[in-house]
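Labels for the chains are A, B and C, by order of writing; each one numbers its residues from 1.
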Amino acid sequence: MSTVVLLALTGLGLAALYFLIASGLSLVFGLAGVLNFAHGLFLSVGAYAAWTVSESWGLAPAVLLGIAVAAATGALVELVLIRPLYTRHTEQVLVTVGLSLAGVALLQSVWGADARVFPRPAWASSVVSIAGAQVPADRFLLIGAAVLVLLGLLAFLRFTRYGLVIRAGVENRDMVSALGIDVRNAFTLVFTIGGALAGLAGILAGMYFSSISPGQGASLLIFAFIVVVIGGLGSVTGAFAAAVAVGLLQQFVNYYGTAGAGDVSVVALLAAVLLLRPAGLAGKAAPA
Amino acid sequence: MLLVAVVLPWSTLSLPGLFEGPLNSPGTLQLLAICLVFAGLALGYDLLFGRAGLLSFGHALYVAAGAYGVDILVSHYGWQLWTAAAVTVPAAAVLAALLGSVALRTSGIAFSMVTLAFAQVGHIVINRDPGGLTGGEEGLPLSSAGLPAMFTGVVNTVNLYWLALAFLTVVVLVVHAIDRAPLGRTLTGLRDDERRIAVLGLSPYRLKLLAFVLAGTLAGLGGVIYALVVGGASPHIASSELTLSLIVMAVLGGAGTRWGAVVGGFLYAYLDQRLARLGGSLPGPFGEPLFVLGTLFILAVYFAPGGLASLGSRLEPLRRALRPRRPGDGHPAPVTDAV
Amino acid sequence: MILKINDLSVRLGGSHILQGVAFDVAETGVTALLGRNGVGKTTTLRAVLGEVPATGEVLFDGRPALGRATHRLVRDGLGYVPEDRCVFAGLTVAENLRLAVRVPSPDFDLVFDLFPELRQRAGQRAGTLSGGQQQMVAIARVLLNPNRLLLVDEPTKGLAPAVVTAVAAVLERVATRVPILLVEQNLAVVRRLATDAVVLEAGRTAWRGRAADLLSDADATRSLLGVGTTAGRH
């Protein structure tokens, strides 16, 4: 029993990371039609920015700075690189591919290829006893952050003008323009939000793994992609459900099966979902 | 261009700056052989991407299948090279047929994601070193016991070069034959408008699967040659990064054009290796090959959307203007439209 | 003339869909844009709106329209009711309307006067409405804001006869306030609404003039539209 609780909470912690990355990816893809390979870069940029000032500024301001830097990176990428290629989706994907290669190499040249030890709040290193299981408190940090982000995102999408524009744009971008709305401002906004959430995910991943490295974003990104596709492109709640499914499946199968079986089973889940429901759990049919 | 490649091993020419040592030194020949292999791999990938319009993110899987397949059979089971290759390449084709038949049920971005996910499984499995077969993160050196004498030893590097050149020639012949055949036109038709092909009574699914299997087979063959040239297989060739670099090669050179991917693959592999060697001596991020290549790639997407191949056709009006006018040369020659 | 179109050409995916379309839309009344399926009626509207790349000349309210962003044209008073309604299925009726508002005092009075049903269905998801109700939402969206011209694409397509009449009545009322460029297959509706008519054939303007002249000429109607004048729909 205690093993199950520990596995479940660890799986949910991982799911929280996936969700933070996937929700931004999903909105960016759903609205702007861009499969963003540079999303992993936003994550690493946020983590390294926070790491750099954490000694001198203290942890909380460092976290805020990391999120802000990642958000600014997202906005900048959209304005400078993505916007000039408006509607040319393949080129947009290619640019993000180039950016992910060049960006990781840039991080590597500035901070080195080796992993850096990442600080975490003292309480996150403690252990909480639940139903007989000794659960490290950092799991709750991740899960709490993800739940807050989910609620915040849903409220934003539901109750604000921009949220309305984003929801409508995910359905039919052209029609939003035909109502006299400059939908490209919403593109910049989702890139900024995606960047901020990825930065937060990078920082939390740093705390969870106790270290950061330039390639960390890329490896998390692949599972986030899988979560996005399973959840349905453009759906925040779909991404949340898929993240939970993927995180739990991966943890449990990795523990009870052979090493690596969890990762394989996640891909099998993806294949199954795509064959049965090509649009994902909650999504509309993917455009193009 | 291939002609230059044929006479090259007899040249003792030194090109300082471009290569360390004369052209026919083993070091230079191996570097060139790797470039030739990547030229072939890039063109094989372009059969999918540039011609059929299938943006696969999992091509590395079939390259890895070829490299690890032959490596495992030779190094662990003591097979002869040729038998191992004769089994491995068809196996890669079968793998491509199986996974392609699933992945092609989706289209667009979903197809990209499924291929990426399948390849990721391959990468994970190779990294975990199941049964000590793949050597895990260390990779698996190719045991020379099963290799013909002509491919072992530093003095025989020239033979590896020939092998790589032969591989590139095979890929060029196959892809160009497809370009000329009705299949090639149907594939580009598929890329431009799938409905039109379906209206012609052809099954888009089967055509795409055929292209997928062909490209997978060529990738498997390329993997075999790669393992021979570099003397083993490492998890890097199964990574999504390898597929991404194949995309970069095809786009840099000019996707969908006759020689674009070949030139792109060759140049990319050359720069990658040279920059890695020069790495320490270059300032800041320029010491990272991927930084330079990634940046070049982004610039190419903006400023040379048709890749290097399109630069030629862009200069065409200039060349025509400079050429002395002959009678009957009234209307301009068609400019090839690179995609 | 509120809209002047000259030599409008569109190429999409290698095919030359419009090859020099030319016609004007008057400051008042309804101009019907007619022709058989696939002659480029919808493409003409989308080219005017900047949704497809086009060459030639389009003057909206005296200003060149080609090359301008869709949302800017719309803000200048070009209202668009697209084919197949294109309401946002996942949004409620109220959200669909709220999204369309872009002036400080939107004309909700007019909208609820024309479509009282929308008030009761404000909280319902637009995807669950009937085709006729979705068409009401699509028309209501543009009427909330002041317009200089409406582009209306097949508003009666797929609707039951009683609903067709209702939609036609609404458009008739709207046309007293703002000119309409109307794509319509139902000739009974065209007869009721249109003052002027333009017929496209294979991407070109084949006929332009008074709508009544076209509809009273049985031969012209048959050869241009492929239907007899007495038949409502083919």
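What we mean here is this: contacts are C-beta pairs under 8 Å (C-beta built on N, C-alpha and C of every residue); 3 or more make two chains touch, one makes a residue touch a chain.
Since the structure is predicted, the reported quantities are computational estimates derived from the model, not experimental observations.
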{"item": "Most central chain, judged by mean C-alpha position against the global CA mean", "value": "A"}
{"item": "Busiest interface, counted in C-beta pairs", "value": "A-B"}
{"item": "Remotest chain, subunit A as reference, centres from CA atoms", "value": "C"}
{"item": "Between subunit C and subunit A, distance of the C-alpha-averaged centres to the nearest whole Å", "value": "42"}
{"item": "Between subunit C and subunit B, distance of the C-alpha-averaged centres to the nearest whole Å", "value": "51"}
{"item": "Between subunit B and subunit A, distance of the C-alpha-averaged centres to the nearest whole Å", "value": "31"}
{"item": "Sites on subunit A at which at least two other chains make contact", "value": "none"}
{"item": "Subunit B partner contacts - residues on subunit A that touch it in the complex", "value": "29, 35, 37, 81, 84-85, 90-91, 93-95, 97-106, 108-110, 218, 222, 225-226, 229, 233, 259-260, 263-264, 267, 270-271, 274-275, 278, 286-288"}
{"item": "Of subunit B, residues touching subunit A in the complex", "value": "55, 102, 105-106, 108-110, 112-114, 116-118, 120-121, 124-125, 127-128, 240-241, 244-245, 247-248, 251, 284-285, 287-295, 297-298, 301-302, 305"}
{"item": "Contacting residues of subunit A [partner subunit C, same complex]", "value": "164-165, 167-168, 171-172, 174-183"}
{"item": "Residues of subunit C that touch subunit A when the two form their complex", "value": "49, 51, 69-71, 74-75, 80, 82, 86, 88-91, 95, 98-100, 102, 141, 145"}
